[in-house]
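Chain nomenclature is as follows: A, B, C, D, E and F, assigned in order of appearance, with residue numbering initiated at 1 for each chain independently.
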Amino acid sequence: MSLEFLIASAIGALVAGGVYLSLRARTFQVVLGLTLLSYAVNLFLFAVGRLTVDRPPLYAKGVADYADPLPQALVLTAIVITFGMTALSVVLALRSFLESGSDQVDGIADEEAES
Amino acid sequence: MIEVALHIALGAVALALLLNGWRLLKGPAIGDRIVALDTMVINAIAVIVLIGMIGGNDTYFEAALLLAMVGFVGTIAYCKFILRGDIVE
Amino acid sequence: MTAFDHLIVAPIVIPAVTAAVALLVMRRRRRLGAALSLAGCVAGLLAAVALLVTASDDAIRVYAIGGWRAPFGIVLVLDRLSAAMLVLASLLGTIVMAHAVITAADRKGWHFHPLFQFQLLGLNGAFLTGDLFNLFVFFEVLLIASYGLMLHGQGAARLKAGVAYVVVNIVGSAIFLVALGLLYGLTGTLNMADMGVRIAMLPSGDGGLARIAGLLLTAVFALKAALVPLHLWLPRTYAATMPVVAALFAIMTKVGVYAMIRVVPLVFGATTGEAAWVPSPWLAPAAIVTALLGFGGVLSGRGLRESAAFAVLGSTGSLLLVLAAWTPAATAAALFYLINATLAGAALFLVADVAMRRRGQYGDAIVPTPRFAGQDAVGLLYLATCIAAIGLPPLSGFIGKLLMLRATVDAPAQPAIWATILGTTLIGVVGFARSGSAIFWKPADGGAGLVSAERSRADLTAPAAALGAIVLLTVFAGPVSDWTAATARQVFAADRYVAAVLSSEAGR
Amino acid sequence: MSSAIDLAVAALVLLGAAFVLIGSWGLVRLPSTMERLHGPTKATTLGLGALLVGSVVFFQGKLGVWTAHELLISVFLFITAPISANMIAKVHLHRMRTGALVEPESIAGEPPAPAPDVDWATFQAPRDGSSASTAGS
Amino acid sequence: MRALLPHPALSALLFLVWLLMANSVTPGGIVLGAVFAIVLPRFTRPFWPDRPRVRFNRALLGYALVVLYDIVVANFDVARLILFRRNRDLRARWLVVPIALDTPEAITVLAATISLTPGTVSSDVSADGRFLLVHALDVADPAAEIARIKARYEARLLRIFA
Amino acid sequence: MLGTLFRASRTVHLGVAGAATAIGFVVLLSLAPAVLAGDLPATRVAWVPALGLELSLWLDPLALLFAGLILGIGFLVVVYAAGYLSEDEPTGRFLSFLMLFQGAMVGIALSNNVVLMLVFWELTSLSSFLLIGFWRHTAEARQGARMALAVTGGGGLALIAGMLLLGQAAGSFELATILTRGAIVQASPLYAPALLLILLGAFTKSAQFPFHFWLPHAMAAPTPVSAYLHSATMVKAGVFLLARLWPVLAGTDLWFALVATTGLVTMIFGAAIALFRTDLKAILAYSTISQLGLMVMLLGFATPAAAAAAVFHILNHAAFKAALFMNAGIVDHETGTRDIRRLGGLARLMPLTATMGVLAAAAMAGLPPLGGFISKEMMLHETAQTAVLGQTWLVPLLATVGATLSVAYSLRYALGLYFGPQRTGEVAKPHDPGAALLAPPLLLVALALGFGLLPMLIAGPLVTATTAAVTGGAPPKIDLALWHGLNLALALSVGAVLGGAFLLARHAALAHRVATGHWVDAKRLFDAAMDALVTATRRVTLAIHAPSLQRYLLLLFATVVVLGLDGATKVGPVLTGGRATTPASPAAIVVWVLLLAATLTVVVTQRQRFLALVFISVIGLAIALAFVHLSAPDLALTQIAVEVVTILLLLLALHLLPKQPARLSSTRRRLRDAVLGLVAGGGASATAWAIMTRVRGDTISTFHWANSYSGGGGTNVVNVTLVDFRAFDTMGEIIVLGIAGLAIFALLEPAVRGAAGQRLRAWRDTMPHSPERHPMMFVMATRLLLPLALLVGIYIFLRGHNQPGGGFVAALIFAIAILLQYLASGYDWTDERRRIGEHPLIAFGVLIAVGTGLGSLAFGAPFLSSSFGYFHLPVVGEFELATAMIFDVAVACVVLGAVMMALAQLSHVAQRAARQPDAEGER
C-alpha cells in the first residue's frame, strides 16, 4: 500500500461519513458531519501538494527536495477558518435549540409548529 | 543498527496504537475508552519522536511537546463531562 | 508608487478600521460608534467612486499586496467590473446602514456595526482580489459576517433559518476548497490570470480534473447566487432575518454571479480546451427554473419579506439565464440588470421594513390591515419598488430586461430565454399586484386605524434613497449601459487581464 | 565511540518501545478499568522516557545537534499524566457509585470509606478549608 | 528580592524550561529567559495567590532521585505483572493512605508521585483532605505498602514543603 | 407632476391638471395645420444607445389624431371630474394618476421609437391599474385593477418581444425607419412571431376576444376614468398600434386572417353581450369591445378605404362613447344606480341629459345624421368588398349581424333610460346636474353630430391625412357623407336598424333565455385560473422550499456528485498519473486503520454523542500524525491545538443539548444517504488519488521557497507565506475568526433572557453528578501549567518565522492555558483574574494587522510589505526583527480574543441564565 492510497481512501471515508452525518436530522450530528468533512477537505487540500516524507519546508540552501509549502499554508488558513465556522455553527445549533426546544433540522418540527 | 532498532520500535509503538484502538472501540466502560484515548496520545508522542529520529530531523519535537502539554486537556474534559456534565463551572 | 495608487486598498482598510474602532467605541458610546460606522460607509463609497472614475480609462490596474508580484503574491485588480461592484456594494451599504441607524435596528442586538463593516470588507475584498484562494478567504469573511448579521435580533425562526443558512454555506466553502485544491494541484498556481493560462496548457489527460474543478467552482458560486437546485436556503434566510439585513443581502447573491463573471471567462475561457465554458450546459436550465420558482414565489408569498426574497431569487435566475450565453453583449446586459436587481431587491426589503414598523402586529403578512400611518406614502414607495424589481417601465428594471432580451436575440435558446424573462415578469406583476393591493388597498374589517409606534417619516429616507438610486440608474441608463458594455468587453478580453496581471511591474 | 552510541540509542529506543507496547498490552488484557489504568503509566514514564533519552543521545551523538526538547516533553508528561489518571479514576469511582457500570467492577471492589462520616471527594464535596478544597484560593 | 521574584522556584523552573526549549545557551537566550522567568510569575500571580514556598534542599534532590529510581524499578515490576500474571491472580487493592501533608500543592505532588510509579494510581482524596485513595495493581500487604509510601515520599515532601 | 401637490387644495389640483392638459391640446392644435400640410415635427434625445432606445418623438397625422383625442377628451374628463368627484375624494391622487396615464398615452401616440413606445405602453397599463383601483376599498375595484394589469400588462410583455423582433427584422428601432421596411420585414422569418406577439399586445389592450373580459371589470373605476380609458384612449391604443404598424405588418394573409377575424368575432360577441347587460357601464363597456372589434376588423382588411373607415370610426367612437360614459355617470350620480332595470322615463326629469344620451346612443347605433352612421356605412361597404374562403356574402352578413346588435343595445340604452315608465333608482326626483358634468358630454355630442352633418369640413382633412399616415401611401380620396346613394351598404344599414328594432322588441324574452342559460363567464374563468395558479404555485413553492436542512444538503451533495461525474466523464478520464507512489510504513497503515475505524465509529455511534466526540478526537490525532509524517510540522501543531479547543467547544455545547436523542430518519432515508455518502466519498478518493499521482508541474511555491529567507527573512517557508507572501489571506482569516467570536458573543449574550433563558433555567441534566466541582490535583496542576504553557506559547511564537510555530498556534496555546483554569477552577474564579477583555483583543488585533499593512505605505511600499533586519545588542548578540512579527502579534491577539470569547461565553451561559434577575419571577 502506498501513502497516496492511504490518504486518498482516508479522504473518501471522511467524506462519506461527513456526507452521511450532515444529512441527519439533528444539529449535533450535522456538526459532527461538518467536522468530518472539514478533516477531509484539509487532507485533500494538503494532498494536492503531493506527498513528501521527511522534507519539511524549512528553507536551507541547496535543498531542492521539500514538501510544497503553499498547500500547507492554505491548509493552515483553512483550519483556522474552519474552526471559526465550527465554533459558530455549534453555538448557533445550541442557541437555536435553547430558543425553540428542538434540535431538529428536518423541518418537521417547524411544520408541526406552523400547523 | 539504529535504523533497524528505530523501525522495530516504530512497529512496536504502532502495534501499541492498534491495541489502544481496540480498547477504545471495545470499551466497555467509558473510563476504558478515555484511558485508551489518553494512552493513544502518549503513544502518538512516541511515534512523533521516532519519526523525528528516523528522519534525523528535530523539527517535529514541538508537535510532540504540544501534544504532551495539551493532549491531556481532552482527557480531562471528557472526564469532567462525565463527572459534572458542565466542564466549566 | 503615488499615494493614489494605494487607494485600491481603501475599500478593505476603511471597513476594517471602522469595524475595529466601532467595536472599541460601541461598548461605551453607542451613538458615536454608529456615527463612525456610517461615516465609514460614506468614506468607503467615496473611495469606491474614486476607483470607478479611475477605472473608466479602461486600464487594468494591478496592486501587488506586500510587494509580491503576481502570480507569486496576492494582487488586487482594479478593472471596470471590480470598480462597478465596489460602488454598488458601497452604495447599498451606505443606504442600508443609514436605515439601520435611523430605525435603530442596529440596537436590536450586539455588534451590528462591526459585523456590518466586516461584511462590506468581505464584499470589497472579493471584488478586488485577483487570487482564487484569496477570493475564498474573502468569501468566508463576507459569509461569516453575514451569519452574524443574519442572526441579528435573533428569535426562534431566525435562529432556525440561521442554522440551515450557516451549515449549507459551510459545506459550500468546503467544496470551494476542494475545487481550489484541485486547481492548485493541476496548475501549481492560485492567481486567476495565471491559472487560466496554465489550464490552457494542461496535458489532455488532465482535462477531466480541470472540468471537475470548474464545475465544483460553479456549484459553489451557484450556491451563493442561489441557483436552483442550490437555492433552497435563500427564501427562509432572507425572510427570517431583519429586513434591513436582508436589504444588504440583496448583494450577496450577486457576489456569486460576480464570481462567475470573473472566473469563467478568465479561468475557463475559450482557450482552455476541454475545460472551456464548462459550466455552460448546466447554467441556463437551472436559471430558467430559478426564475420561475423565484417569481412563482413572489406570486405565492405570504409575507412581504418572503416575496421580496423570492424576487431576489427570480432576478438572479433571470440574469444568470442571460449570462449563460457567455457573450459580451449578454454579459453587459446582465450586469446592467444586476445593478438594478440589487438596488431593487434591497429597496423591497427596506420598504417591507417600513411597512412592518407601521403595521404593528400585522407585521409583513400579506393581509389587509386597518389604516396605518403613512399608508399612502409607503404604498407609493412599494409600488415604485415593485416596478423596479419586476422590470416594468419606466424604471431601470425595464431597461435591464430589454437589454437582456436584445442581447439574447441571436442566442440559440432565445425562445426559452425570452419566454422565461417575459413570462416570469408577468407572474411577478400579478404577484406584486396581489400583495400590494392586499396590504395597501384592502381595508381590514374593524375600521379604527392602527396606532403604530412610527410617527416620524424619517424611516422613509433610506427606501427613498434606494429608489432615488434606481431613478438615477434609469435616467443615466445610457452611460451606465455603455459602461457595462465596456465592462463586458474587458471581461471577455481575458488576454488583456492576463497581460496586465502577469506582466505587472509592481512587486518584487 | 560511534558503536557505543549506536548501541545505547538502539537499546534505549527498543526499551522505550517495549514499555510502550507492554503498557498498551496491559490496557488490553487487564480485567477492568482501574487495573487497565496502570498500563499507560509505563508508556508515560519509562517508555517515553527511554525513547526521549535515546533521542537526545541520538541527535547529539549521530548528528551533533544538541536537543533537549525531549526532556521538556517528559516534564510536561510528568505534570499531566497523573492528573489524567486521577480524573479517569474519579470517573470510574463515580460510575461505580451511581451504578452506571455494566462492566465488571475492579477486582479491588468498592473503595473503603476513608473515615467515619467522611467520604472521597468524588462522592462528597470537599470541605471548605480542608486541603482537598481549592475554593477561596 | 521578594517583590522581584515572588516565586523563585517557579522562576527557576521557567528559566530552565526556556533554556531547554531554546536548545542552546546563548547570551540572547539567557536574557530572554531571565525576562520571562521574572515577568510570567508576576503576570500569572493572581491565578496562584498563595503559592507555598518550596525549599531547595537536599530533600528535594533526594526525592527526585528516589522517585526516578522507583519509577524504573516499578516499571519492570509492572511489566512482569502485565506479561506474566494471570488476571485472576492479580491482588488489586484500594489503599487508604492517611496523609500528614496539609497543603493541596504538597498533596498533589505526593499523589502525582504515586501515580507516576507504575503499579499504583492516586484515585481520589477524601473530602477532608486527610486521606489519599490509591489503587494498587498488585499488593500482598496493603499496610506495608501504605507505610512504604509514607516513609519514602511523604516524609521527604514534608521537608520540602515547610 | 401632481404628486408633490398631494396636500394642496382640490381646486389647485384640478386647475393644474386642467391647465396642463389644455396647454398640451392647444400646442397640438397649433401644430396641426403644419402637420396636416405634410410637416413632420420631431425631436430626439439619446437615452440608452445600447438598446436603441431614445426619447424620439414625432407628430405625424396619426399621432396628431390620437394625441388630440387624448388631450381633448382628457381636458373634458378633468372638467367632468371636477363635477363628479365629491369633496372628500383624494383628487390629488386621482389627478396625478390621470395625468400619468395621459402622459403615457400621449407618449404612445408620439413615439417615434418602438422601444420608447413600449415604455409608454406598459406605463399606461400601470397607470390604468392605479386608476381602476382608485376606489380601493371595494373588492371590484381591486380585482378589476389587477385583472386589467394582468391582461394588458401581460399583453404588453408579448408586445415587447414582438417589437424587439420587429426591430431586429427591420434593423432599426426608429419607427419612421421601420415603417419604410415593410417588404424586408414581411420577408423575414421573424415576421410571423413578431406579428403574433405584437397582435397579442394590441388585442389585449383593445379588449379583443378572447382578451376582452378585463374591460367590463375595469368599470369599477370612477366614471371619468371609464370615459377616458375605456372609450377614448387606452383601449384604442391597440387599434392605434395596428394602424401605426400597418405599413410594415399589414397586407399579408396572416394579418388578414388574424386581425380581421378577431375584429369581426369581437364585434359580434361584444355587441351580443352588451345587449343583455343591465349595468349601464357594463352595456357601454361591451359596446366598446364590439366597436373596437369593428375598428380592428377594418384595419385587418388592409385596404386604404378600410383604413379610412377605421380612422373615421375612431373619431366617432371617441366622441359618442366618451359622451355616453359621462351620460351614464350623470345618471348614476343623480339617481344612485346604474341598473337599467331600475331606471326609466328620465327624459322628463333630466331633459338635457336625456337629449345628450339619446343623441350619443343614436351615433353608436349608427343612425343618421350622426357621424356613427357614416362610419358604419363605410364599414359595411368595406365588408361587402371582402371575400373570405371565396364567399363574398359571409363577411357582410356577419358584419350586419354585429351592426344589428349594436343598434339594439344602443336603442335599449336610450329608450330604457329615458322613455317608458318612470323609474328613478335611489332618488325620488333626479335632475340635470351642474355645468361641469353637462358641458363635456354636450361638447362631445355636438362633435358627434358635427361628424355626421359636416364630416368633410370637420374631419375630412384629418381623416385623409391620417389614413395616408396609416397606410404609408398617398392620401386616399375619401368622401365622407351621409348619402352615397342607394347601395348595398345602405341596404345593410337599414336592415341592421330594422333588425335591431326587432331584437329590442323581443328583448324581454331573449333576456330571460340568456339569464337562464349557462354561459361561460370569462371573468370567472380568469379568476379560477388565477386562483388555481396561485394555489398551485403556493403548493409547489411550499413543497419545494420546505424548511429542511436535510433537503438543502441533499441537493447540494447530489449536485456536486452529478457535476463531478459530468466533469470526469465528458473527456477521457485518466485516473492515475505518472508520479511514483510512496510506500507506506506499517505505522502509517496502523494510523490509517485507526482513522478509518474511528470515522466508521463516529458514524455508527452518532446518537451516543459523547462517544462520537471521543472518536472525533482519534481522527484528529490520526491527522496530526499524518501531518507529522508528511513533512508538515506547522500543520501538526495547529491540528493538535485546534483539536483540543474544538473538543472543549463541542463538550460545552453537548452539555446543554440532548445527549442520546431518538432516531428520526427512516431506514430508507439512511440507506439513501449512505449511498450518496459512498458515492461522494468514492469521488473524493478518486480525485485525490488522481491528483496525488500526477507529476507535479512548475508551481509558484518554488518562488516562495527561493525567496523565503532572502525576501521574507524567515526559513519556515510556511510561516513566511502566511505572514508575508500571503499575509493578505491571513488578515482575512483572522478577521473571520474575530467575526466568529463577535457573532458568538452576539448569539449568547441575549440567550439568558426570553425563551432560551427559561429553558436554560428549567434545564436539568439527566446524568447523575459528582458533587466535587474542582478536583484538587487538577486545580493544582493547572496553576503550575499556566506560566509554563505561556512560556511555551511565547517560544512557539518567537520561533515561528524560522521554525514551525507562529502566532496562531501560540495564541491557541495561550487560550488553552487559560481555558484550563476555567476547567479546573471554574468560570467566575478565572474570569475575575483575567487581565484583558476579548473585545479589545479582537479590535486591537485587527487594528495592528491593518496598521502593519498601512505602515508600509509610509515607506512607499505596497500594503502589507514586510521588512526585516538583523540587529545587534550588547550581551544579547545579534537578533532579527521583522514587521511580519508585528503582524503575527495581530494574529495572536485576534485568535486569542476570538477563541476565548467563544469558549468563555459558551461556558457560562447557563450560570448567567440562573443569575438572571427575572429568574425568580418565572417560577
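In the analysis below, a contact is a pair of C-beta atoms (placed from the backbone, for glycine too) under 8 Å apart; a residue touches a chain by one contact, two chains touch by 3 or more.
Predicted model only: the values in this text are computed from it and were never measured.
Taking the definition of touch as given, a chain qualifies here only if it contacts chain C and chain E alike; those chains are F. Of the two chain pairs examined here, D-F and B-F, it is B-F that is joined by more C-beta pairs in contact.
Relative to chain E, the most remote chain by averaged C-alpha coordinates is F. The most centrally placed chain, judged by C-alpha centroids, is C.
Comparing the centres of all chains, each the average of its CA atoms, the largest separation from chain D belongs to F.
Centroid to centroid, with C-alpha atoms defining each point, chain C and chain D lie 57 Å apart.
Centre to centre, using the average C-alpha position, chain A and chain D are separated by 32 Å. As a whole-number value, the distance joining the C-alpha centres of chain C and chain F reads 16 Å. Chain F has its Cα centroid 74 Å from the Cα centroid of chain E.
Within chain D, the positions touching two or more other chains are listed as 23, 25, 37, 39, 44, 67, 69, 72, 76, 79-83, 86-87, 90, 92, 94, 121-126, 131-134.
In chain F, the residues touching two or more other chains are 547, 549, 551, 553, 557, 589, 629, 633, 654, 684, 687, 691-692, 696, 699-701, 704, 725-726, 729, 733, 736, 739-740, 743, 747, 755, 770, 772-774, 776-781, 784-785, 788, 792, 803-804.
Counting partner chains per residue, chain E has residues 17, 21, 104, 107, 111-112, 122, 125, 129 touching two or more of them.
Every pair of chains that touch is listed here: A-B, A-C, A-F, B-D, B-F, C-F, D-E, D-F, E-F. Considering their complex, residues 53-54, 56, 58 of chain A touch chain B.
The residues of chain E lying in touch with chain D in their complex are 17, 19-21, 23-24, 49-50, 71-72, 75, 78-79, 82-83, 87, 90, 92-94, 96, 101-104, 107, 111-131, 133, 135-137.
Residues of chain A touching chain C in their complex: 22, 27, 30, 34, 37-38, 40-41, 44-45, 47-50, 70-71, 74, 77-78, 81, 84-85, 88-89, 92-93, 95-96, 99-100, 105, 110. Of all residues in chain B, only 51, 54-55, 57, 59 touch chain A in the complex they form. Chain contact summary for the complex, chain A toward chain F: residues 1-32, 35-36, 39-40, 42-44, 46-60, 66-70, 72-73, 75-77, 79-81, 83-88, 90-95, 97-101, 103-108, 110-111.
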